[in-house]
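Letters are used for the chains, namely A, B, C, D and E, taken in the order the chains are written, and counting of residues starts over at 1 for each.
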Amino acid sequence: MSLVLDIALCALILGVGLATVAGHGVFRAVIFFITYGLLLAIGWARLGAYDVALAEAAISAGLTGVLLLAAHGRLRRLSAAEEAPLRRNLPAALIATGVALALGWAWFALPDPAAPDLTAALPQSGVGNPVTAVLLNFRAWDTLLEAIILLAALIGLWMLARDRAWNEPLGLQYHARAGGVMASFGRVLPPIGLIFGVYLVWAGAETTGGAFQGGTVLAAVCLVSLMAGVLPAPRIAQTAWRAALVFGPGVFLLSGVAGAIFAQGFLALPPALAKPAIVTIEAALTLSIAVTLVLLVIGPPDDGGQDA
Amino acid sequence: MTIWLHILAIALLASLGGALWRVWRGPSQADRMMAAQLIGTGGVAVLMVLAALQDWTLLAVAFALATLAALAAVGFVKSESPDGAGDPEEAPPATELRGTVQDRTRNG
Amino acid sequence: MTALISGLVLPLLAALAAIALPARARLPVALLGVGLTLAASIWLAISVWTNGAITVSLGGWQPPIGIALRADGLGAALGVMTALVMAAVALAARHEMEPLVAGPRTSFGFWPLMLLLWAALNAVFVSRDLFNLYVGLELITLTAVALVAISGKAEAIAAALRYLLFALAGSLLYLAGVVLSYAAHGTLDISLLAARTAVPGDALALGLMTAGLLVKTALFPFHVWLPPAHSAAPAPASAMLSALVPKASLLILLRLWFEAMPELATPVALFTLAGLGALAVIWGGVLALLQARLKLIVAYSTVAQLGYIFLVFPLAGGDGAAQPWAAGAWTGAMFQMLGHGLAKAAMFLAAGIYIAAVGSDRLSDVRGLARALPMTGFAFALASITLLGLPPSAGFTAKYLLMTGAFASGQWAWAFVLVGGGLLAAAYLYRPLTAIFAREIAVTPRPIPWGWQAVPLVLAMLSVALGLLSSVPFDFLQIGRPDQAAEGL
Amino acid sequence: MSLTVFAMTGATLVGLGVYGLLARVHMLRRIMAFNLIGSGLFLFFGAAGARGAALDPIPQALIITGIVVALAASALAVGLVVALARSSGTACLPDEAGDT
Amino acid sequence: MADIATYLLTGLGLVFFIAGTVGLIRFPDQFSRLHALTKGDNLGLGFIALGVAFQTDTWAQVAMLVLIWGLALLAAGTVAPLVARAALTESRKP
C-alpha cells in the first residue's frame, strides 16, 4: 500500500516536472514549478527526511515561486515574457536520456550503504536532532559558508541596480488599499509567522526545524507585510538593515574564532556549552537569513524608470 | 487505520492530479493560480494524513506549506497588477467591472 | 593552524564589516582586511615551509563526520599568489573603485565581493571535503558573476548571465559526482576516498565531477563564456577572474585525479584531458590573434594559457606518477598556474590603467602609450615574457619542466603543443606590444598616479622573479605532494 | 522498493531538467530547469541516504545546504534576467534570441 | 470509537476535496470555479484535520491541527477575493 502511495506521488512529481519543461508559456511553467516544490516536500516527508521537507516546502515551493512570479510579472511589463514554442531537439533529448540512464544505472550499481557511524558523536553534539548536529556542529563550516553565499548573492543582486536608483527604496514600491483585505492580511499574518518561525528555530535543536527553515517562514510573513504596504521598503543606506544582514554570519564566525581561542579549535563547541551555543548561533542566523531572503526576493533598488 | 490513511492520501493525491489538469488547461492566469491554491490546500491535507501515518512533526511542514502558499498567492496578485506592486482592490472602482465576468483566453 | 584559519576568517570578517559599516569606513576596513589576509597567507606559507603540510579537523570532528582542511605546498603557494594578486587589485581598485569615479553602487559592492571571493578561494585551496569544495565553488561563482556584472553595461549583464549559466551547469555536474561518491562510500573526504574500495560507479562519479570542473575552468570546448565575461568586467575584477578563479576548479581537478581517485587515471582519460588542453592552447591563441581590444586579447590568452596546465595529466598522472620525470612535469604545471596568475593580473591591471588614461582599450587607442606611461608598458612587456615562456620568467620554468617531462616520457606530441603555443603567443602578443610601444601617440592620456602605475609592474616583476628564483618554490611545491617520486630529472 | 522509485524519479527529473536547459532558451525556463536538476539529484541522494538501517542525517544536511545555495543562485540569476530584459528587451541570451 | 470518527470525518473531507476538484475541472467560468475551490477545499481540510485529530497523542498536536486549518481559512479568505479581482482585471485587459 505504501508503495502504491509512493508510486502515485512520484508519478505526480514527474508529471509536474514534465509539464514545467514541456508546456507552452512561461507563466504556466512557473505555476507548475510551484506545485512541483510542494509535491517534492511531500516526497521528502515520505522519505522520512522531515527537515528537508520543511526546507523544500518553505524555499522551493514558497520563496523560489514568489521570486519567479515577480520576475514573470516584470518581464511581462518589459514584453520579454513571451517565448517561441518548443521545437523537437534530438541532441538535447539524447543527452538528457543519457544522463538519466547513467544515474539510474548508478543507483543499481551502488554498493551496500556505508554511512559514517555517528552514534559516538551525536551525544557530544549538544542537540537531539541529528540533522541540526550535522549542520551546526559537525559540518558548521559548510553552514557558515552557506549563510555567506546568501549574503554574496544579495550584494551581487544589488549590483544590478541602476546607478541613479541606488538610493531609492529596495524593490518595487508596494501599495494596497488602506483597510482593504490585503492590508489586513499583512497585519494579521506576521505575528502568527513570527511565533511559528521562532518555534521552528527553538524546536530545531531537538526535532524538525532549524535556522534556515525558521528564517524562511519569517521572511515569508515579512514579504506579505511588505507587499501589503504595511512595512516600509528598506533602503541600502539604512545601517540597521545592513547590520541585520551581517549579524548572523558575524556571530557564527566569531563563535568559531572563540572556539579556536578557548576550545579545541576553529568552530569547536565544548559538549557542555554546545546546546546554548548552537541555539544562540541559530537565533542570530535566523534573523540574518530572514532579512537576506526578504531582500533577495524584493530585488535591487528600482526607480521604476526605463533605460534609454 | 493505516490502510485507510494510505488510501486517503492516495485519493487526495488523485484529487490534486485533477487540479493539475486545470493548471495545464488554464485558460486564464487566475485559473492556474486558483488551481495551484487548491493543490496547496490539498498538500496540507496530505501532510496532515502523513503526520498521522508517520510522525506528528510533519504538522510543522504542513504549517509552513500553508504560510508559504498564502505568500505565493499574494505574490501572484501583486505581479498581476499593472505596476507589479498594486492591489486589485484599489482601482479601478468595482462598479465599472460589472458584467464583464467572462473568462478570456490569455496564456502567459 | 592559526595561520590557516586566519586566511579564511579575516577576509570574511572584513567583508562583513565592509557591508555593515558606513561609506567612509568602507575603504579603510577593506584595505585593513586585505593587508591582514596577505600577512596570514604569507604566514601560512612560512609555517608550511618550516613544519610541512598542516591538517586541521574543523570543530575537532575527524572525517568522515567532520570536515578536514589541509594546507600543502600547492595550496599554500596558490594562497600566496592569490594574496599578491588581491593586494595588487586592491591598490589599483583604490583608484578605479573610488566613489567619485565608479559611483556609489560599484564602490559599495566591489570590496565585499572581492573579500568574499578571496575567502572562498582560500577555502577551496585548503579544503579536503568534496561537498565543502562545492559550497566554496558556489561562493566563488556568485561573487565572480556579480563582479562581471558590476559595470552595469548591457553587454556585461549578458556576459554575466552566460557565465552564471555555464558555472551553474558545471556546479550541478560536479554535485552529481559528489552525490554518487558519498552514496557509494559514505565519505566526502579526499584522503578517505583515496583509501576506499573501488566500485563500478566511481568512474561515472569522477567523470561527472571532471566535466563540471572543466566547464568552470573554461577548458576548450567549454571556454565560450570566459572571454566576454572577463573582458566585460572592470579591470581589477578581470584580474581576479582571469588570474585566480579558474585556478580553484583546476586545483580540485588535480586533487581528484592525483589524490582521491588516481587509479582511475587511464591513459585514454589522461590523453583526452591533455588533448583538450592542447586544443585550448591553439584555439585560444588563434582567437586572441583576431581580437582588436586589449582586454579581449588577454582574456583569450587565458583560455590558451590554462590549456598548458592540462598537459600535467599524461606527463605526471596515472602510471607516470611513479616515474622520475613526474615531479618535474607536475611542478612545471604548478609553475604555470602561479606564473600565469601573476602575469595575467599584471596585464589586466595594465589594461585598466590604459582605460583610465584614454577611455578605451582598443589597440588603435592605446598606440604609443608606453611613451606617456612607461611603467605600464614595461609591466605589460614583462608579463608578456612570462606568457611567451621566455627565460628567465616563471613561464619559462614551467615550459622547460613540462618539455623535459614530455621528452623523458617519450610523449613528444606535447612538446609540439608547448612550442606551437609559444609561437602563437608571440603572434598574438606582438600586436598589442607593437601598438603600445609605437612611436606616435594616438590619444593623449590623462595623468595616472605613480603608485597606481607601479602596481602591475610589481606583479609582472614577481612573475619573472618566480622563474629566476625557481629552486625555492620548486621545493616548496613538493611539500605534501601526492605520489612522491624520486626526483630524477 | 519505494527507495528505488524515488531514486528513479530523481534520475528522470535530472534528465527532464537537462532537456529543459538545452532545449529552452527563455532564461526563466532555464532557471527552473536548474532547479529541477538540483532537486532531482537531491531526491536521488536522499533515497541513497535512506538505504541503511538508520536514516543518515549527513545527506539531509547537505541537501538543505544545497537547497539554500540553489535559492541564492536562482535569486541572482532572476535579477540578471530582469536586468537583461531591461537593457535589451529580451529574456534570452543575445545569440539565442531568435532560436527556439 | 476514535477510529470510527476518523474514518467518517476524513472520508467526508475527502468527498469535499474531490467535489472541489470536480468543480474546478467542470465549471464553465472561472468565478464559479473560484467558488467551488474556496468552499470545497477549506471544508475538506477542516474535516480531515478534525478526523486526524482523533488519532493524535497530545493536545499540542490538536492545537497545531486547528492552527493550520485556521491559517488556511484566513489565507483562503484573503486570497480568494484578491485572486478573483485580479482575474477580473485580467479578463478586462485586451
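Heads up, the rule we're going with is that a residue touches a chain if its C-beta (ideal position, glycine included) is under 8 Å from a C-beta of that chain, and two chains touch if they have at least 3 such contacts.
As the structure is a prediction and not an experimental result, all values here were calculated from the model.
Counted as hops between touching chains, the shortest connection from chain B to chain D is 2.
If chain D is left out, the remaining chains stay linked by touch in one piece.
The interface with the largest number of contacting C-beta pairs joins chains A-D. Note: centroid distance chain D to chain E, computed from Cα atoms, is 31 Å.
Here the spacing of chain A and chain B, counted between their Cα centres, is 20 Å. Centre to centre, using the average C-alpha position, chain B and chain C are separated by 48 Å. Computed from the mean C-alpha positions, the centre of chain C lies at a distance of 28 Å from the centre of chain D. Those residues of chain A in touch with two or more other chains are numbered 2, 26, 46, 48, 63, 72, 74, 81, 103, 110, 113, 115-116, 118, 138-139, 142, 146, 149, 152-153, 156-157, 160, 181-182, 185, 189, 192.
Residue positions 131, 135, 138, 142, 145-146, 149, 157, 176, 183, 186 of chain C are each in touch with at least two other chains. Residue positions of chain B with contacts to 2 or more other chains are 16, 29, 33, 35, 60, 63, 67, 69-70, 74, 76-77, 80, 87, 89. According to the touch criterion at the top of this document, the contacting chain pairs are A-B, A-C, A-D, A-E, B-E, C-D. Only residues 102-103, 105-106, 109-111, 113-116, 118, 121, 137-142, 145-146, 148-149, 151-153, 155-163, 166-167, 236, 239, 242-243, 245-246, 249-250, 253, 256-257, 259-260, 263-269 of chain A touch chain C when the two sit together in their complex. Chain E meets chain A in the complex at residues 71, 74-75, 78, 81-82.
Within the complex, the chain A residues that touch chain D are 2-3, 6-7, 10, 13-14, 17-18, 20-21, 26, 29-30, 33, 36-37, 40, 43-44, 46-49, 51-52, 55-56, 59-60, 63-64, 67-68, 71-72, 74-75, 78-81, 83-87, 89, 91-93, 95-97, 99-101, 103-104, 107, 110, 113, 115-116, 118, 130-131, 133-135, 138-139, 142-143, 146, 149-150, 152-154, 156-157, 160, 210, 212, 293, 296-297, 299-300, 306-307. Residues 1-20, 22-26, 28-29, 31-33, 35-36, 39-40, 42-44, 46-52, 54-58, 60-65, 67-76, 78-83, 85-87, 89-92, 99-100 of chain D are the ones touching chain A in the complex.
For chain D in complex with chain C, the residues that touch the partner chain are 14, 21, 27, 30, 34, 37-38, 41-42, 44-45, 48-49, 56, 58-59, 62, 65-66, 69, 72-73, 76-77, 80-81, 83-84, 87-88, 93-94.
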